[in-house]
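This is the structure I want to talk about, given as structure tokens.
Which chain is which? They are A, B, C, D, E and F, in the order written, and residues in each are numbered from 1.
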Amino acid sequence: MELSHFDDMGNAHMVDVSEKEVTKRSAVATGIIEMQRETLQVILDKKISKGDVLTVAQTAGISAVKRTWELIPLCHIVMIRNVEITFDTCSGEESENKGIIKVTCTIRGEDKTGFEMEALTGVSVTLLTIYDMCKAIDRGMEIKNIRLEYKDGGKSGRFTRGK
Amino acid sequence: MELSHFDDMGNAHMVDVSEKEVTKRSAVATGIIEMQRETLQVILDKKISKGDVLTVAQTAGISAVKRTWELIPLCHIVMIRNVEITFDTCSGEESENKGIIKVTCTIRGEDKTGFEMEALTGVSVTLLTIYDMCKAIDRGMEIKNIRLEYKDGGKSGRFTRGK
Amino acid sequence: MELSHFDDMGNAHMVDVSEKEVTKRSAVATGIIEMQRETLQVILDKKISKGDVLTVAQTAGISAVKRTWELIPLCHIVMIRNVEITFDTCSGEESENKGIIKVTCTIRGEDKTGFEMEALTGVSVTLLTIYDMCKAIDRGMEIKNIRLEYKDGGKSGRFTRGK
Amino acid sequence: MELSHFDDMGNAHMVDVSEKEVTKRSAVATGIIEMQRETLQVILDKKISKGDVLTVAQTAGISAVKRTWELIPLCHIVMIRNVEITFDTCSGEESENKGIIKVTCTIRGEDKTGFEMEALTGVSVTLLTIYDMCKAIDRGMEIKNIRLEYKDGGKSGRFTRGK
Amino acid sequence: MELSHFDDMGNAHMVDVSEKEVTKRSAVATGIIEMQRETLQVILDKKISKGDVLTVAQTAGISAVKRTWELIPLCHIVMIRNVEITFDTCSGEESENKGIIKVTCTIRGEDKTGFEMEALTGVSVTLLTIYDMCKAIDRGMEIKNIRLEYKDGGKSGRFTRGK
Amino acid sequence: MELSHFDDMGNAHMVDVSEKEVTKRSAVATGIIEMQRETLQVILDKKISKGDVLTVAQTAGISAVKRTWELIPLCHIVMIRNVEITFDTCSGEESENKGIIKVTCTIRGEDKTGFEMEALTGVSVTLLTIYDMCKAIDRGMEIKNIRLEYKDGGKSGRFTRGK
């Protein structure tokens, strides 16, 4: 029985990083969720009936970082040593009278491959959890501007957004 | 031993939907990823070394929809009967010479609670997977405008964005 | 080729509930964690460096309830409609000068089988998360008295502990 | 901004079963693992150092059945009410002096879609676990003949292999 | 657009262990489940209809150890090299005519952070699985005294309970 | 309270690899699925309604490799650095007029224990996904000959099937 080589499909594969060095690496991603000013106020006053929105969202984001390789098919399991998720908020003129929560997710560790996807996944799930907890009062919220701000370590070196 | 009631913490809880009716429900969410025009061309030509980007991203998005309740702490496990994830692309003047992929995720099923979070999670993970597969050539890509476009079914009825 | 029937091993199986009725069901479980009085005070003052212990623990407990069938091999996937996890605390004479947090997990829904394991799993993981967040200051904490307090619904009817 | 419809990729989607009826369904799959006669004897004598092979394999198989939708991208989450995994063994002339363990996985429940994949996944993971526990003494074992034997329920009706 | 720093929420984070050394580590935890003497006898006689209780519980416990980081939000993924779960039983006068199963979970490996939570999680899920398999005959069972007995390795050094 | 040592159960445990060296390791497994010639043609023509079968199957297989330790109870979490899943097809005389897809899964990385189970799990889930996507047109497909072809690294050295 001879098998013809099959060659014309997508060829998805997990990139070979065997020969790369284990180095210290870090990555920072951010994203925002835009909502009614009143919605932001209810979050900050901890009056959302589902609970303390930001702590629950942070817990969900940290848990999701660890599951990035389960969600993104071609990601490696990596050794993460630190996850920080922080919030900034804004609801004045500079945000056109919208309420805005900005999420920053910072990952540190050492591995043969970087943590960009872990940082971006942490931001995304944190934002989705905020949406979930507030959707009963503001279904029109919008998640925006999820992007890598910074990464360091590995052969491709440092990346700083906008530089 | 008498226990004082503890009352001043966040009180996160999964909302009680016991008394709601099982009804047909649907939800549609969208989001975009913005990239260099050249990056989009490489995707459309299926020349990304990690594989056929859109099929892998679609597979990841569908898988993530089913795991929404694992990612978002206060979501219920729901009975999803259909998931569709589709793509539109654009790279002309109307997108300021950026390459844009728009992801639409549609969920149908019947349950006591809606599928908004499932649709939004499907869009998010599809977009993250596109980012992952293309980041070696375009680290500055940005995920934007993740939002609920439509949902139907349940006591709160129909929602159409912008109406 | 004739195969002899193999019959002398453990025969683990997921019990057949096909013929049972879908009925409304509920379950309540409790458990405690015993610690130094000072540890409890630090939790209540929200001064644990890892974050707001009780909200994180509650989030973890609710998430774990949904994953009971992943952890306990012979449990069914069930339709849970409501999860509540609450805390009571005590640190006076009646607890022999120990600090005590009591966790109560209540599950409601409808299915062909009950939610006892979901309630007990929710209590266990909530308590483990409290341990995790405080272990840097009090490694001798002890988890105790995890038990079913009440369950209702299904053919076996109501159970109330101690009755 | 006008988006051209994108249409020439794989179009993976979870089939829409919204309009189908919830009916009683069942599925039976089988598969075998072929090994040295001596390996089978060590299993039956419960002398494998990793533990009681068949009970561990059965536990793994039942757990995997519940996770089929996590493994197979386009499978639905379904309501399984019963899982049975049983073993037959053979090591005489009729198996050409090989040791053979045959695994049968039976699923029952009710849903809008069938349990074929659940039965096949249960068989596969049970067989893989047997391989794992015995590979230290017999790396040449082979998994064979994983197939659907029977399924019933749903619009396509009954299927019996070989009929 | 200026964003005010947001600072007054729980600040949950995964502790930074980047600068710690990878060292050999171990942890031992124990816990018990208390039941009717008759229940214990049925387990030891392997007459529980759901299967061989202790082997299934052990399998569940080992699997849960590996998923500790999924259950406990702020735990790191760690490199576990060995898991042992053992049982001791007792049903005489010294246990006041109750049946008691004591579970001991021992973890070994090397990492930048310890395995206390993995050992405690292994004990908890092993005990919950015993409860699940026996609850049809003894709903009043109680899980007790889950605690860390020993841990070694890392900067904080050795801990032995009661010393 | 004295506890008699309990000793007569299965004693499943995750083998202790603490003292082994971290070495480069690789493993290759293969398996086939046998189907009607017409079914294979429909796959190759990308006319299966569920989508591009081979890319979806490959994505599922790669994802499953990373979850091997979740599926196989006594497997360790290992550091995988590369996963390749490739296809060969055949439908001529040499396969007795059946359509055959052969799946090869190759794993590379470095760890204290090998990747045999990861390669075998990758093959199995890839094959199951092909079955799932085509079962509507060919329920009689059969999965066959899943076996380890090669492994290298570690104390037991190189294994090549048939040598």
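Simple rule for what comes next: contacts are C-beta pairs under 8 Å (C-beta built on N, C-alpha and C of every residue); 3 or more make two chains touch, one makes a residue touch a chain.
What you see is a predicted model; the values in this text were computed from it and never measured.
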Where chain D and chain F overlap in contact partners, by chain label: B, E
Neighbouring chains common to chain A and chain D, by label: B, C, E, F
Rotational angle, Cα trace of chain A fitted to chain F, multiple of 5°: 120
Chain pair equivalent in interface to D-E, over half of contacts matched, among A-F, D-F or B-F: B-F
Farthest-lying chain, centroid of Cα atoms versus that of chain F: C
Mean-CA-position distance for chain E and chain A (Å): 31
Averaged-CA centre spacing for the pair chain E and chain C, given as whole angstrom: 14
Residues of chain C whose C-beta touches two or more other chains: 9-13, 15, 51-52, 55-56, 58-60, 63, 67, 70, 73-74, 77
Which pairs of chains touch, using the document's own definition: A-B, A-C, A-E, A-F, B-C, B-D, B-F, C-D, C-E, D-E, D-F, E-F
Chain E - residues contacting chain F, complex: 24, 52, 54-55, 58-59, 62-63, 65-67, 77, 79-90, 92, 94-95, 100-102, 108-110
Of chain C, residues touching chain A in the complex: 51-52, 55-56, 58-60, 63
Of all residues in chain E, those that touch chain A in their complex: 1-6, 9-18, 69-70, 73-74, 76-77, 112
Residues on chain C engaged by chain E in the complex (per definition of touch): 9-13, 15, 31, 46, 49-52, 55-56, 59-60, 63-64, 67, 70-75, 116-117, 120-121, 124-125, 127-129, 131-133, 135, 139-148, 151, 159, 161
